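We just call them A, B, C, D, E and F in the order they show up, numbering each chain from 1.
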Amino acid sequence: MKTANIVLRFLSPKTVVRAHCDLPCGVYDPEQARIEAESCYKIVEKYAANDDSAYRTRALLIKEERAQLVKHHLDVLWHDYFKPEHVEQYPNLHETFWKATKQASKVKHTVDPGAARELLTMIDTIDEMWKATGGAEKTRVNGRPS
Amino acid sequence: MKTANIVLRFLSPKTVVRAHCDLPCGVYDPEQARIEAESCYKIVEKYAANDDSAYRTRALLIKEERAQLVKHHLDVLWHDYFKPEHVEQYPNLHETFWKATKQASKVKHTVDPGAARELLTMIDTIDEMWKATGGAEKTRVNGRPS
Amino acid sequence: MKTANIVLRFLSPKTVVRAHCDLPCGVYDPEQARIEAESCYKIVEKYAANDDSAYRTRALLIKEERAQLVKHHLDVLWHDYFKPEHVEQYPNLHETFWKATKQASKVKHTVDPGAARELLTMIDTIDEMWKATGGAEKTRVNGRPS
Amino acid sequence: MKTANIVLRFLSPKTVVRAHCDLPCGVYDPEQARIEAESCYKIVEKYAANDDSAYRTRALLIKEERAQLVKHHLDVLWHDYFKPEHVEQYPNLHETFWKATKQASKVKHTVDPGAARELLTMIDTIDEMWKATGGAEKTRVNGRPS
Amino acid sequence: MKTANIVLRFLSPKTVVRAHCDLPCGVYDPEQARIEAESCYKIVEKYAANDDSAYRTRALLIKEERAQLVKHHLDVLWHDYFKPEHVEQYPNLHETFWKATKQASKVKHTVDPGAARELLTMIDTIDEMWKATGGAEKTRVNGRPS
Amino acid sequence: MKTANIVLRFLSPKTVVRAHCDLPCGVYDPEQARIEAESCYKIVEKYAANDDSAYRTRALLIKEERAQLVKHHLDVLWHDYFKPEHVEQYPNLHETFWKATKQASKVKHTVDPGAARELLTMIDTIDEMWKATGGAEKTRVNGRPS
């Protein structure tokens, strides 16, 4: 380990620069929230198209979990990725996140596909803020995959 | 709900087509595994650059969790996204996933950045298979974000 | 079940009134966050008083979990308990929560007892807002126990 | 860290005294079980007042989780807070906990509000034992909040 | 589903008899606790044989999780499998479980292999009680595998 | 700890031999998957025998969790227990695991007891492979309990 440590110090000068960034700030991407929100959207579509009661029960419980994961991933971005300078840049940052998490609750409460689509739009707004503040270049290893 | 159901059946003919796809096959994207694997990679870099013992303990425990999430997201793709026709197309599909999950274990066991980088490469190979079998068009709501 | 339903409607008129409140808004109390934050505080004290390395490793990992639970319980209050009218009443509501969750991150990152004590103070501020907006009367079954 | 350690040893003599208490015995409070049990109680009320089937499915699944958390928090108190001398003081301690966890199972199995209320009463009994054995003074940082 | 229901009612009269048994009492086996406790035992052995500090940190955190799972599986047996008539048959049933869960805590607190071995012995005692009260015949589908 | 370490090195020569096995390869047993799959089987039986809708909702959600645990335990065996030499011995090893995890998905999707029984049979096949490759002797502390 000692050796790996020393070799890395020489080969990866970027490492030292990044060291100001505290664990676990490493990697952030609104894609994580978006993927779960897309699941909610598709679940609601399928729910509407299938009236078997066992199927619907499963759809509701999986939607509950997925919407909870949306909230979790949004929370991580809000807590850990965004910094005070970003709030100056986006004075409505807190409000945007708050409404998005409340929308994720609404997605739990309803089987209305409009609510799930609205959540996707809200995550896209957050995605724009993420991009404008460094986003992929700052947090992903080689940017976002195409 | 009944009304929503009927309205949706008329407005969204795609819904019915998608109904063959069983819950929870909805949305799959190797990005989920990749994001967690990038965390592992960055954690290992930071570990090498910081020899405070409390910091290193935290780095190891967070890496353990992240690598476990890599395994989980790979498992979901292997179990649920890939179908028998894909195994015909990619006879080494199982072997590829198996080695990638074993690599994720290796990332747990070591602080060698090469192991974490190798895991990223393996996930990229899976990403290619995912794209070649429909990928974003088949599973994401509006494709991958740029 | 039907019978229970009817009996309850007669015996508990409050039930009907509460029915506007959507699941899972039921019960909220900053005590949940505070109890976990007190664990962090005591863990940091014990960490300082015991230099056995296995003990310290365990202290760090348990602190990590407890601080994560603080964040979770704060998130739930922010997402689900507080409503737009409360933001009018407390224009710094979002900022208060944001700083408290960032403080919980700091408690993960450090073994400084001052950081853990500061987190307790921040939760107490949230507790005041909770009390002033209905708090125990609105959300607990028989108020807070003495 | 070394410095923090030394400073703390001088400033906080209580730390050393508490050091006999092993991690994670730090903080215990039956409030954690009670808050989750109150959720169960309110969920059952709302279930009775709303016959929408999607709503009821969600109510049942959230009740299942909350009742599981009641069991978990009771288990922690029983395993870790109570010591052999408390069993001498309360010879029915084990029986009390056993019945309370079985009651939490009953709360899972039924939508009878009486079962949820009975669980609250049982937790209050445990709360009395906790208070009589040191309770808030022994385990909370500044006692219970009013 | 209806058809499956009717067919099953005719083919599996045992089903109806079992219906008094409430979900989730289905299947219980102390093997679940024992397997996790064996992990703890092996982890402690490996810890003693390897003094690399990253390895030891991982060993401690995995032991913590495994010992927690031991407690969980013991709790399930105590809460849900054992009934009042078993307490008459084994007046020390509660004490046996209580001491076993306290021993699992001890296994968290220490790297002493004796503590882990003692936990295995205690689980074997519970296994005897499980066998003597119906055990595999009552709860497993085809008994325990050889 | 140092002392324990030294004493153990002398008393337990097996420890050193086992040290090649990396954490967390310690203990593996298909029993873990089988017990959860038996729960699924019994849940499906009970579902068929009880048409109360709240009961059925709970049955579906508990089955979902249990089937997920089956997948998890199978994944652990596939990732961590089986090694390249076992794939030479069982060229259909990957296919066997893949089908078993897909069968666990089917058990989530359906209340057909045949699907749950088929999953048990598939786990028994994996159990045979586990036994033939060392199984209990290699991974359990004292073999499987009778």
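Observations
In this text, a contact is a pair of C-beta atoms (placed from the backbone, for glycine too) under 8 Å apart; a residue touches a chain by one contact, two chains touch by 3 or more.
Not measured: the values here are computed from a predicted model.
Set against the C-alpha centre of chain B, every other chain centre is closer than that of D. A repeat of the C-D interface exists among D-F, B-F or A-B; more than half of the contact pairs are identical by residue number at A-B.
Summarising the inter-chain layout, the chain whose CA centre lies farthest from the centre of chain C is F. Averaging Cα coordinates per chain places chain B and chain C 33 Å apart.
Averaging C-alpha coordinates per chain places the centre of chain E 15 Å away from that of chain F. The residues of chain F that reach two or more other chains are 1, 23, 53-54, 57-58, 61-62, 109, 111, listed in rising order. Contact residues on chain C toward chain D in their complex (touch as defined above): 1, 4-5, 8-9, 12, 15-16, 18-19, 21, 23-24, 26-27, 29, 31-32, 34-35, 38-39, 41-43, 45-46, 48-51, 55, 58-59, 62, 111-113, 120, 124, 127, 140-141, 144-146.
Those residues of chain B lying in contact with chain E across their complex are 53, 56-57, 60-61, 64, 108-109, 111. For chain B in complex with chain F, the touching residues are 22-23, 71, 75, 78-80, 94-95, 98, 101-102, 104-105, 109. For chain E in complex with chain B, the residues that touch the partner chain are 53-54, 57-58, 61-62.
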